[in-house]
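What follows is subunit A paired twice: with subunit B in the first complex and subunit C in the second.
What follows is the complex of A and B.
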């Protein structure tokens, strides 16, 4: 029963004495020796000289919003080790293993690369189906892979001489850095062992999903 | 039509037919098209497809961005009637020649 709740316009529900007691004003008074403490007016307010400029309108400056977006909710059907089906992109139809959700909300997946050619990759939840198949990922360590791992390399602006400017651009080789290849192998090693332990799972992950004639996705259970 | 896709071709979309525009007897509203999705026959089945993106793909005589194929993107908005027909809105209204032609209903954004 908050004292500010109203019975009617201008009539508070709690009486003046009730709110006095409820707010603990008696305790504050007792703490300060019987008198209610008065706030000391700082001299800073009086010391400011008359400003040179008064804005024409008494308008509050617009404050930028301090609202922060919520973390992306992971679907309950997706747990580490779930086999996902990619619905779009270069690897559409491929069945991949889910590793973890990154801070950006994207899902970290891997083929494994040796089985279906999908490397360690990020994928958005909206573009996957979660199947009920699960792979044991207890042996896999993906702690060091975060969103920064996937950031693009900033192109270094090489100083060009006038001659070079007219030459055709040098083909910058886009080889995958060696550490990424090794990370792939490290992540996949434990995963492939777990996959080979389950009959047919390797072939299942190697095969692509496709719709056929007569297929009704709205009736399918994945 | 992905450049040089030489691998296995997979269909990750449901075929749909464009029936026409939303209309009454003598007025039609071209901003909404009606689509019949294969295999969907009741209003309840349409619920799965709500919000799914669709693409009307067509061929042109001239090349744009290196290909003769172009597409208009859209999405399933709501069921139309009781028998599984669906209303769809596209980024730009579909041309009249699309009536009777195929549209691809993708399975994303998915919620499975």
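What follows is the complex of A and C.
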């Protein structure tokens, strides 16, 4: 039912009889045998027993936030094939190739492994420099690598006897599963071909980045 | 030690401070003891303090406050651009600009080239 239009505050455009007809109240009355249907008042107040405890202050209970975080925005300078410089972590200073952004917002990169020892890895956008150098990644397929690929294996805790508890923990070194090694090779094969096509690029990716005396990072073009 | 570069109508100068930093301008008039009216091909004519100008060796032949087209023609005839770019001062500025615009990969290639030069001079 469209709302009644107003001429001014409190003054409606249509008269009482006009709105009565327009709202179809005559039809509702006719449907219910001449009288307007009354809503049945449930005795809800008497049904609930008097509560034992009344809180001193009327405080609204805290509701958990329904706000969902946005997907991390990828910097416009980062496109598939961009050479990135890692700024923190085990591979600090290494120059790597960007492959794609994962659903978690992290960036998927690879060394390539043969060139600088960086495997297929996830990296946070906050800890990289994006250079303006690009590598051709048209031959690379990373569709099957997602965040789940990097999930840790759940460790099974074996029951220990009293003696075993005091033994030193046996270091179970986990070897990389074979399929991961093959994925690395597959991703890197096309990449290395594209890299070797550009002179000096292989040596560039193999070298680490560092600041020298006189370097002003805010002035440097990357 | 006499002065060789004078503030005069037609003197080409380099702006060394402010919004137009690095621009080559021509002095077309002198406003007072501190300011000059300057003009350049891609700029609106404006006044500028002498302290913001570095005078160059180049001078062009114009009358006081020429029309823009007259100024452009005179600059063409004097070949200001080429004279500037071939002067040692102008060459230095071009190299500085190029070095500042190198990206990380370019800097790496420069480093390799420098090492090559040093090695070849040692081995020869």
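The rule is simple: the second predicted complex is superposed on the first by the 160 of 222 C-alpha atoms of A that agree within 3 Å, B and C clash if a C-alpha of one lies under 4 Å from a C-alpha of the other, contacts with A are read in each partner's own complex, and residues count from 1 in each chain.
Going forward, contacts are C-beta pairs under 8 Å (C-beta built on N, C-alpha and C of every residue); 3 or more make two chains touch, one makes a residue touch a chain.
None of these values were measured; they are calculated from a predicted model.
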Residue contacts with subunit A in the superposition, subunit B compared against subunit C: B
Which of subunit B and subunit C A:195 touches, first, second, both or neither: neither
Partner chain(s) touched by A:93 [first = subunit B, second = subunit C, both, neither]: first
Partner chain(s) touched by A:77 [first = subunit B, second = subunit C, both, neither]: first
Partner chain in contact with A:209 - subunit B first, subunit C second, else both or neither: both
Which superposed partner A:222 touches (first subunit B, second subunit C, both, neither): both
Which of subunit B and subunit C A:142 touches, first, second, both or neither: neither
Which of subunit B and subunit C A:133 touches, first, second, both or neither: second
Residues on subunit A lying within both footprints (that of subunit B and that of subunit C): 129, 209, 219, 222
For the subunit A and subunit C complex, residues of the former touching the latter: 83, 85, 95, 129, 131-133, 200-201, 203-204, 207, 209, 219-222
Contacting residues of subunit C [partner subunit A, same complex]: 100-105, 108-109, 112
Touching residues (chain side subunit A, partner subunit B) in the complex: 75, 77, 87-88, 90, 92-93, 126-130, 208-212, 214-219, 222
Contact set on subunit B toward subunit A in their complex: 2, 8-14, 39-40, 45, 48-49, 106-112
